[in-house]
């Protein structure tokens, strides 16, 4: 019965802790800390870098900014009521906001992924992702995307929404956008890349890392893993003088 | 007393959950998830890639397709009655089939290994395996196998069924087959490689990974580890200009 | 009511075990062993190398010398009363001193960091840190510092005390000092580097490792992670012929 | 009161299980499995390779051959009465011998280390160790030892029995022996290297790995870690064109 407005008022007073309290390990407020622990161990979210967000019905769960990712707890999670404004940040409709923390600076980028139908969005600072953005720039110029073909792991990446997965003989293409001084300013670049590559489930950010999304948590995570595998393989192939596209 | 046909009917109704329920950590339905967790941490089954199957008497236990390997549970395991058809897939004799999951696409390849007497078969997407298939192709051509000699770890690989282990001065040879668009279509290539190299316990798949089998779970796993060690060493040796065969 | 002198006497008799006994995982005597376990897993404190110290009010908690870092316990922690002498070592004011152990040889370096306002100081033998000190020396000479620019992870390092964090377009500079035969003799070099680079939160030691500090434990740890990420990336960039400064 | 002979008889009947049963985590029969789990995670004992032995008073505790190192249990440990024969193997004085297992093929090499006063001996197949043996052979010939100087981690290695630790300006030298077809045949090479380098606490085996020992378990393990760190650093230095000796 409570309107969104009422929820916002309630958040200010009760902070709606029940939104992040669940015994279900599959609950987004439990999944985000668990995922962040894994990502920390892979070296993807070193030094508070990176972030993760899950959409669950009309609720967007968002990791906080500037925390040690492997120590994150459910109580540190922000909850936004969907739909919500991307800009200005202060008008985003938080229905749960932990004291003394700020939501991830990636929030408008996560919201962009959700506008495109994602159920989960992951941002990493993977060194392999950073290195391929540098190699692509040097070898093929600033406008080129990352391309790799004829590697089995490509089959872990969708061909596009409702189009099934890429095949072994397909070429995977991931657009690369230039980094900006402030993370939120990446949003227009991300949107432009999504418009130019409407089938992509990921966008690389030069000298920064990658945004990967998926229809749900499992798909976002496994697609992120497959891409990172391909970036690492590509860097090693480059060292050995092996071309990325057959 | 129940015929195979009866078992199939039972599977449709009771699903034979007892086949994957055991307190014994050595039970195949417990071993497969445990192995997959280890393989995930080694980077062998990134992004739902790879798979594992165990033969236990007349039962073949098979990991499901498309799941996060480190989260797999005993209840996700398929059970085939042995012997069973390799083709067509829909005539395979499943006596336990988890709802909403599909058996690993590697199933006909696992069955090929079991036909040759294996007790366990492991499939990984190890990057070291992929890289050696690419290096062998460039350095020695598409028909060459992987060869390495005079490295102690070679002694972890059998010389052939009932022939003991390779010696330090022997040359280890692992055949390489070309990848195919669909995993099940690798079967004839795998069989051809097994016929040409009757003593091999592993077949590399170009740009894809490796299939390794063994007389039992411990042998398949430790042989897979020894091979991966040798592939990683071989890639590093190549970077340093050191030849693989003395 | 007890004077510092009284505390010292008490230490000799009761050893003040209560100073390192707490159920709070955030207590320095619990945090140091927990941090050291993580650092061991990152390869930063191999073979008893490296160390960590935390200032908590007027108490300095210090890891012991020569122990296996992943096995450290709260009861192994030394406690110094602040302020205390850096030299001579035997006049340092220990109010808790475990039997059969010696305090870290890094103690005067930790004390130097605390004099400059740090709340925590971490010393690692990270191989990436060692390699960048060697690469800088060869490429730019013995007086050059490590420089890297235009990499997102730079934003994890402060611009200086009370000056906020570095921006994406800034250049991160970390001074490098020469190693000495005895760890405590690094102190004057560390102080000179701090004077020359008053905004730095870290000093590299050639052929040895790095000292990183921060206003509190979380900042020291995440800054150490961000720097190590940048050193690893820099070594990989160098292998691939990519310049560190754009 | 029981003579060694009596113990041997008892072993045949009761198998002296009490020798490997203890609640003390520092007991050798508990330490060996714990160490092997760590070594497995470092990639030192892949595929049943490598091994560990501890001398505790007149008892030598030895890991079994051919088992998965991360799954080893206390009950798998062999116990030899010290002193015992090195050759022939069948006359070694086992006072506890697990059924269905064989003692490590490294046993005579472990015994050689104990004859020289060691309290613990570790054998790994570390790839970094293998690679430095190959690089030394190519760069300096088959008779050269591994040499590295002016790296802080060298201080983790003793200068010799009762001589303290190496200093930063010292050169660490580790002899390299040629591998043999059978592990036990390494014994004479190991003894010759120990005679030629009486101060060494480790011997590299070309194309195989390393034997490292120490006065006790902690020293053997931390020396093994320091050496592996130095081998890994040396390989990376070689890739970057940086000399090992200043």
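Labels A, B, C and D are assigned to the chains in the order they are written; within every chain, residues are numbered from 1.
Basically, contacts are C-beta pairs under 8 Å (C-beta built on N, C-alpha and C of every residue); 3 or more make two chains touch, one makes a residue touch a chain.
Note that the structure is a prediction, hence the values are computed from the model and not measured.
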| item | value |
| --- | --- |
| Path length in the contact graph (chain A to chain D, fewest steps) | 2 |
| Identity of the chain that, by mean CA position, is farthest from chain B | C |
| Degree value of the rotation bringing chain C onto chain D, based on Cα positions, nearest 5 | 90 |
| Copies chain B and chain A - interface residue numbers shared by over half, same or different | different |
| Cα-centroid distance, chain B relative to chain D, in whole angstrom | 33 |
| Averaged-CA centre spacing for the pair chain C and chain B, given as whole angstrom | 46 |
| Chain D, residues touching no fewer than two other chains | 239 |
| Chain contact graph, described as a line, ring, star, complete graph or other shape | ring |
| Chain-to-chain touches, reported pairwise for every pair that qualifies | A-B, A-C, B-D, C-D |
| Contact set on chain A toward chain B in their complex | 150-153, 156, 167-169, 218, 221-226, 228-229, 232-233, 236-237, 239-240, 242 |
| Residues of chain C touching chain D in the complex | 43, 46-49, 68, 125, 127, 130-131, 134-135, 138, 179-181, 205, 207-209, 235, 238-239 |
